[in-house]
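Across the two complexes that follow, subunit A remains constant while its partner is subunit B and subsequently subunit C.
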Partner chain A sequence: MGSVQAEFLKLKRSMSWAVVIVLPLMAVITGTTNTVVSGQQLDDGWKTLWLRVIVFYGLFPLAVGVAALASLIWRVEHRDGNWNALMGRRVSSLEIVLGKAAVLAALMAAMQLVLLAGTVLAGKLIFGLPGFIPSEYLLVSVIIVLACLPVATLQSALSMLMRSFAAPIAIALLGAVVSVGLLLAEINGLIAVVPYALLGRATQLGTGYFADSGSITTGTMLLLIVASAGLTALTVVATAAGLDRRDIR
Partner chain B sequence: MIAQAVHNEFAKMRHLRVGPLVAVMVAGVLAVTCRELTTPGFLESVDDPAGQSWQRLLASMAFAAPLVSPILIAVLASRQVDLEHQGNGWLFSHTSGLPAGRLCRTKFLATGAVLGAATLIESALVIGVGTLVGITVSFPAGQWLAYTASMVVVNLVLLALHLLLATRIENQLIGLGIGVLGVFLAASGSGMQPWLAHLTPWGYYALATPLDYRGEVLASITPWHLSIVALAVVGTAAFLLITRRFDRQEV
Partner chain C sequence: MYGFLGPNGSGKSTTMKMLLSLVRPTRGEIELMGRPLQRSTRRTLLADTGSLIEAPPGYGHLTGGENMRLVQRLLGLSDKQVNRAVHTVRLQDQLDKKVRNYSLGMKQRLGIAMALAREPRLLILDEPTNGLDPAGIEEIRGLLTQLASRGTTVMVSSHLLGEIDKTATMLGILSNGKLLFQGTRDQLLARSTPDVLIDSSNPRHAASLATQRHPTRLDGPTVRLSGLTQADTAAAVAMLVHEGIGVHGVRHDTQSLEDVFMDLTGGGGL
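Right after this comes the complex of A and B.
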């Protein structure tokens, strides 16, 4: 618990809010602006708006945003004498890694909330859509947050290993490109084990694009949840083991 | 002096693994471009002028480059500058006669050479892929070269912008965050009104595009070449002006 609190304290002046707020809002703004400027109608109401916001955001920017946040939470450890202080802490490596993962999970959830809130506001205020966003998209949002976790923990591992802030972000972009390839080729076996592809698949849920049928089925949701949980557990344990083997600098 | 400084920057690049980073950019653009090969009917129409095979590949590259390049350019600039922040390099360079602004210009020369070459390689590789899959219809050399040249200009202007950001703001999140936002602007540039696309450097990727889909039909459009030239001039002037100011500031 102390590790989680410490991680949140470190985050206070890190400007993580910039990614958490601006990135999803940018997705909403570009999705909305493109619709307004092109003069197209939202033929299928909330569904059309949702896919205009989420499809592109889920393919590239989300993975890169998650990578930037993971780099941010490890950046402080690589500066000054903080790495040695980290190595000298009495808490276990697993606790440290779990603390970082918990902070990242909270940030992912906040990002998705901002995206949802922005989409709802755009739907009501700009397009005057009736009712509230369908509950299935709230469920999809929960799955997206869960699918963010394997990417977040993997990026956390990379940011732990690399002192550079930017290099892990380049790897995330490469992962996102590979994931687009896997989604286009519909190689489901690999999609379930490559974190970036899993996140890409989760964001396309119900859109009908990139390997998605357009309907949200229980089977697909269960597969995404189980794969996300499994990959997250695996990366957390591997990162803790990796941290155990790191030495002071 | 400048030649030696540029040489030093290349030495730094070796340790910063700039090579693999640039390879990621080239591979990323190539991979997204090549998705066009998987579209129905592409491979069957490589020898049919009505199939517009080269044009389709060029349009696909014009879609891929704005998706992949802005973030990797931000990463490239951040890597090249962040080591100066971490290792007190600004002060060391200044005391050896290379103030911050001149160091910035040196970084631009060295990194820009790599980025420019990577952009040309990107374009050449797409031509190579087109040749390999057996496109036999006439190659639109003028259109292709003009787009490649425009892409080099836009990439270099973005590199200059990110070098300035990374130098001025030590927290590299800002520069990279702006790079990610740039992807949104670049990706939605083709749907923007041209005047709106002129307002940010990322919008110029769309202004350079010589082809656009009108429904299912791929049509040639007139790229805003003068605007690209103006971007190069304004970008160069702004970069020189700002880096001169860096030269006069205390480290």
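Right after this comes the complex of A and C.
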């Protein structure tokens, strides 16, 4: 699809890559440094290291990072005559929105890969953990990327509507704060429909923190996958419909 | 080529945006290439349309070449189409430069190339010469004439009459959101009534006599009468002769298109 290819071309020399690399590495470095400085042991090996890296990262920085990426990929459209050019072509609103969503999905996947790679490197080089990170965390990573999509498409819609770079990021931060409340209160009905809470829930998968039991069950995974897919589809369709109705002033 | 003229803020950009369905009109309908333009049909109609509205488009962090490739991918264009567009605006030697470092003229040319690559039947350009130096303006003017001669309908807006009156075959003049005139250059000139200038043996006396019937001004030795029909002119000369004033010469003031434009738009924006 042309619009997806075009969106990927726009990533060249983009600031997005800095976010994709720096944000997850910060999470790995913070988790590692805390462990080293406090002199604690990784009692449960890879699992403990994973917890130290993911728990906080999944609650705030990830949502904010996704929001920053969405703001970055829309920022270029708000400049010069790009909005007029974008909407003055035969490319449909749905294709435009899907192109942005595809790019965001790729960036989310890259960000999670950096997190995984960083965690593996820290585990092997700094803590000398045996073997490789358990495969369940690879599976959790896939689910985290999927759960990023509803937040990414929602943030994409906000950044599309707002010229401001920071305002959508502030909304994501607010969403993350609210979602921590929902996770603490274990209001599962709302967690499944609030994108930020869904992402928070997915990152805690298998950690035993907040609403998580500590074990990764097929039921929970399925729920997360279905909810993510449903919310993403809904946001994309609604955004495209909104864009179609919108006047470009 | 359709020259769309009007002072700043008269509604040229808004009209062009309505033609591209970027903005919905509060009232009325738009037909493009014989088909009604609505939100539901706009994408098919826009396939035959190239546009550049307000500021030229282009992603600053990419090179000119990368921007062209992006349009190519987006619209599924051939290398040949892209190359031809780039050569038409003579940007082929600047493709490796980042658009951020382009001059305004280069950005305008890139924007036109981006609009042109799809080989549109209709090209809508909003003030494409805005901010350019005289050489750049001349270059764009030549380019548009060349495109129009190849069969593309070009609609180009400007707040400066001089920029398009020589190239446009049709002129539309807009002021305060109202179309004041639409037609050829000659029709526009014909619409105006130039002042009648009279040289006489006693200009002061002639002016005081004429002013009782028509708006009159004394320009040195010449009496200037405004808004006269042919019959009025004959009557005015007869009256002066009757009063014993020697009439040496009667002629029409040469009126430029600018004057007509100013008359129509109430002198705004020039």
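Heads up, the rule we're going with is that the second predicted complex is superposed on the first by the 249 of 249 C-alpha atoms of A that agree within 3 Å, B and C clash if a C-alpha of one lies under 4 Å from a C-alpha of the other, contacts with A are read in each partner's own complex, and residues count from 1 in each chain.
As a working rule, a residue touches a chain if its C-beta (ideal position, glycine included) is under 8 Å from a C-beta of that chain, and two chains touch if they have at least 3 such contacts.
Just so it is clear, the model here is predicted, and its values are computed rather than measured.
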| item | value |
| --- | --- |
| Combined model on subunit A: subunit C and subunit B, fit or clash | fit |
| Subunit B versus subunit C as contact partner of A:Val142, first or second or both or neither | neither |
| Partner contacting more residues of subunit A (subunit B vs subunit C) | B |
| Which of subunit B and subunit C A:Pro61 touches, first, second, both or neither | first |
| Touching partner for A:Ala102 - first (subunit B), second (subunit C), both, neither | neither |
| First (subunit B), second (subunit C), both or neither touched by A:Ser92 | second |
| Subunit B versus subunit C as contact partner of A:Leu9, first or second or both or neither | second |
| Touching partner for A:Leu223 - first (subunit B), second (subunit C), both, neither | neither |
| Nearest-approach distance, in Å, of subunit C Cα atoms to those of subunit B in the combined model | 11 |
| Intersection of the subunit A residues that touch subunit B with those that touch subunit C | 14, 79 |
| Residues of subunit B that touch subunit A when the two form their complex | 16-17, 21, 24, 27-28, 31-32, 35, 38, 67-68, 71-72, 74-75, 78-79, 82, 86, 171-174, 176-177, 180-181, 183-185, 187-188, 191-193 |
| Sites on subunit A touched by subunit C in the complex | 2-3, 5-6, 9-10, 12-14, 76, 79-82, 84-92, 244-245, 247-249 |
| Subunit C - residues contacting subunit A, complex | 17, 20, 22-24, 39, 43-44, 46-47, 49, 51-62, 66, 69-71, 73-76, 107, 111, 114-115, 118 |
| Contacting residues of subunit A [partner subunit B, same complex] | 14-15, 18-19, 22-23, 26-27, 30, 33-34, 37-38, 56, 60-61, 64-65, 68, 71-72, 79, 163-167, 169-171, 173-174, 177-178, 180-181, 184-185 |
